[in-house]
């Protein structure tokens, strides 16, 4: 119930202020352009590189979005409203991770069509598997992302500290995301790469559980 | 306020540890057999592996100290976590230096994205973040708490990092650390001696850092 | 109903609060006085569980607020020195969220009538980032009126208010006094404190200098200390 209230508030904030998704989309487009121009690539190279490139873009825009999400809580000291209310810190963590995932998914829906067009990709017919990979991938990114943003939000250099902490911690998950995307893109059957999906799921479980338990120590000044 | 070396016992221990390290080097250079194909390069194994083990052990200490600090907020746990993180990172840097030195003659290249080395590198980067959080996290009372949290999070990340990089590259290469039990006892014994000596060195360094942290902390409070 | 035991807090290794202990009884209206930077706001933030003390416990209705589930903190309302609402949401949306997060369902009409009393109803759909400081301060009273609370921590209740705003703020406080609500105000206004509050806590030099009923305090004594 409280969880629903908090997620609804995060989405309403984005709906009113429009400070998260649009910058994420614009930044993502810029990265695609830079990559396309600097590699001046043939279609074969694009095909080989695109799974990795896709997740680099997602990682960059998610760190942008996470930073913005937590800065919004700092303005006007608005976070105190939630902190002083009778809401468990674990619920605050879950709401941040889930609303972050929702915002990231929306940004991905915007960024993937131009990505496919600019990179001249042909998409396998079983695209719904990719949706599943994106969903699990985003959950993992946002679970550790919410923990790390909580740690860095009050720091002096929060926008710099966030990626420095975030990228190495999330790297095993990104490896798994890239691997599964790659195998899916090459059209290998699921049996061959189920390991990576399991690795992603265990990452999601570990850090959702850990964040839920540990957020108590992060939120307070 | 007291200097660490103004205690007689600490000087004696320091000299003792130094002597042990000199002995260790002498022992490795003179009393270990030459391994075919590797020759002198193999000698680094006696340092590389114990240092790596102790490095990982110190990150375990960071996690345990973090949990204890979150439970009872005693400053000593915060200091233990910080000191272990510092020395652990120093050891990890040594691993990242000795690894390529070994790899160049054996694999013909300075760096390969080999699972253990990659895990170590990622862990090193996480701890670079740890020190930045300590430095820029805001007021030190809160930063101690945040650092404890990060130490715990980092430790839970390690097995996942290891499995992801382990299966990341299909081909599998030999390591400086080959299975110890299958080795010649002439190699195992000096290895174990080196492990014990480096553990002693580590504990001594930890004790020294803890003393320094305590003294600076007390000075700030006064 | 609120018991504070041996609270310690330091920033940058400098102790701000040392061994603060006191009991808040049902119906107490406490004025927390002290010079700037003495730790009034810090203490209130600790009481509202926004800041964590280095040591010490806080019991609310015999429940340790640092150990129990959050639901044990129901009935605590903290209104900080800063606004404590989302700048890009409208006044109405902010109040709706605040009520929901405190576990109270309010109809839009009751929120609107409260805003009307404070003269804010014509601006209720504007984002509050374009509100003046005084209007933002009035919003806190709207919030306190809409949420059912048992104990209120209010940092600087009258800052930025004009005469009209101060009048309606005082009306709300009078209403709460009438209902013998429990409140703690951090303020600089010694005169007001002696006039309205039932008890006075004076913080000085990291400690509670004194803790007395207001009817046997000489105002000159306090002014001397605060000066």
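Labels A, B and C are assigned to the chains in the order they are written; within every chain, residues are numbered from 1.
Just so it is clear, contacts are C-beta pairs under 8 Å (C-beta built on N, C-alpha and C of every residue); 3 or more make two chains touch, one makes a residue touch a chain.
Model, not experiment: these values are computed from the prediction.
S.K.: Have a look at A-C versus B-C and report the one with more C-beta pairs in contact.
M.R.: A-C
S.K.: By C-alpha centroids, what is the most central chain here?
M.R.: A
S.K.: For chain A and chain B, let me know how many angstrom lie between their CA-based centres, rounded off.
M.R.: Taking the mean C-alpha position of each chain, the two centres sit 32 Å apart.
S.K.: Go ahead and note the Å separation of the Cα centroids belonging to chain B and chain C.
M.R.: 49
S.K.: Taking each chain's centre as the mean of its CA atoms, how far is chain A from chain C in angstrom?
M.R.: Measuring from centre to centre gives 37 Å for this pair.
S.K.: Please list all residues of chain C that touch 2 or more other chains.
M.R.: In chain C, 52 touch at least two other chains.
S.K.: Quick one: which residues in chain B touch 2 or more of the other chains?
M.R.: Correct list: 142, 145.
S.K.: Which parts of chain A, given as residue numbers and ranges, touch two or more other chains?
M.R.: Only 221 qualify.
S.K.: Using the touch definition from the top, list the residues of chain A that touch chain C in their complex.
M.R.: Residues of chain A touching chain C: 2, 5-6, 9, 12-13, 16-17, 19, 72, 75-78, 80-89, 91, 220-221.
S.K.: Touching residues of chain B toward chain A in the complex: what are they?
M.R.: 70, 122-123, 125-126, 128-129, 132-133, 136-138, 142, 145-146, 148-150, 152-154, 156-157, 160-161, 163-165, 167-168
S.K.: For chain C, which residues are in contact with chain A within the complex?
M.R.: Chain C residues touching chain A: 45, 48-52, 69-78, 80-90, 93, 97-98, 100-103, 127-129.
S.K.: State the interface residues of chain A toward chain B in the complex, per the touch definition above.
M.R.: Within the complex, chain A touches chain B at residues 144, 147, 151-152, 154-157, 161, 164-165, 167-169, 171-173, 175-176, 179, 195, 199, 202-203, 206-207, 210, 214, 217-218, 221.
S.K.: For the complex, which residues does chain B have touching chain C?
M.R.: Residue positions touching the partner: 73, 139-142, 145, 217, 220-221.
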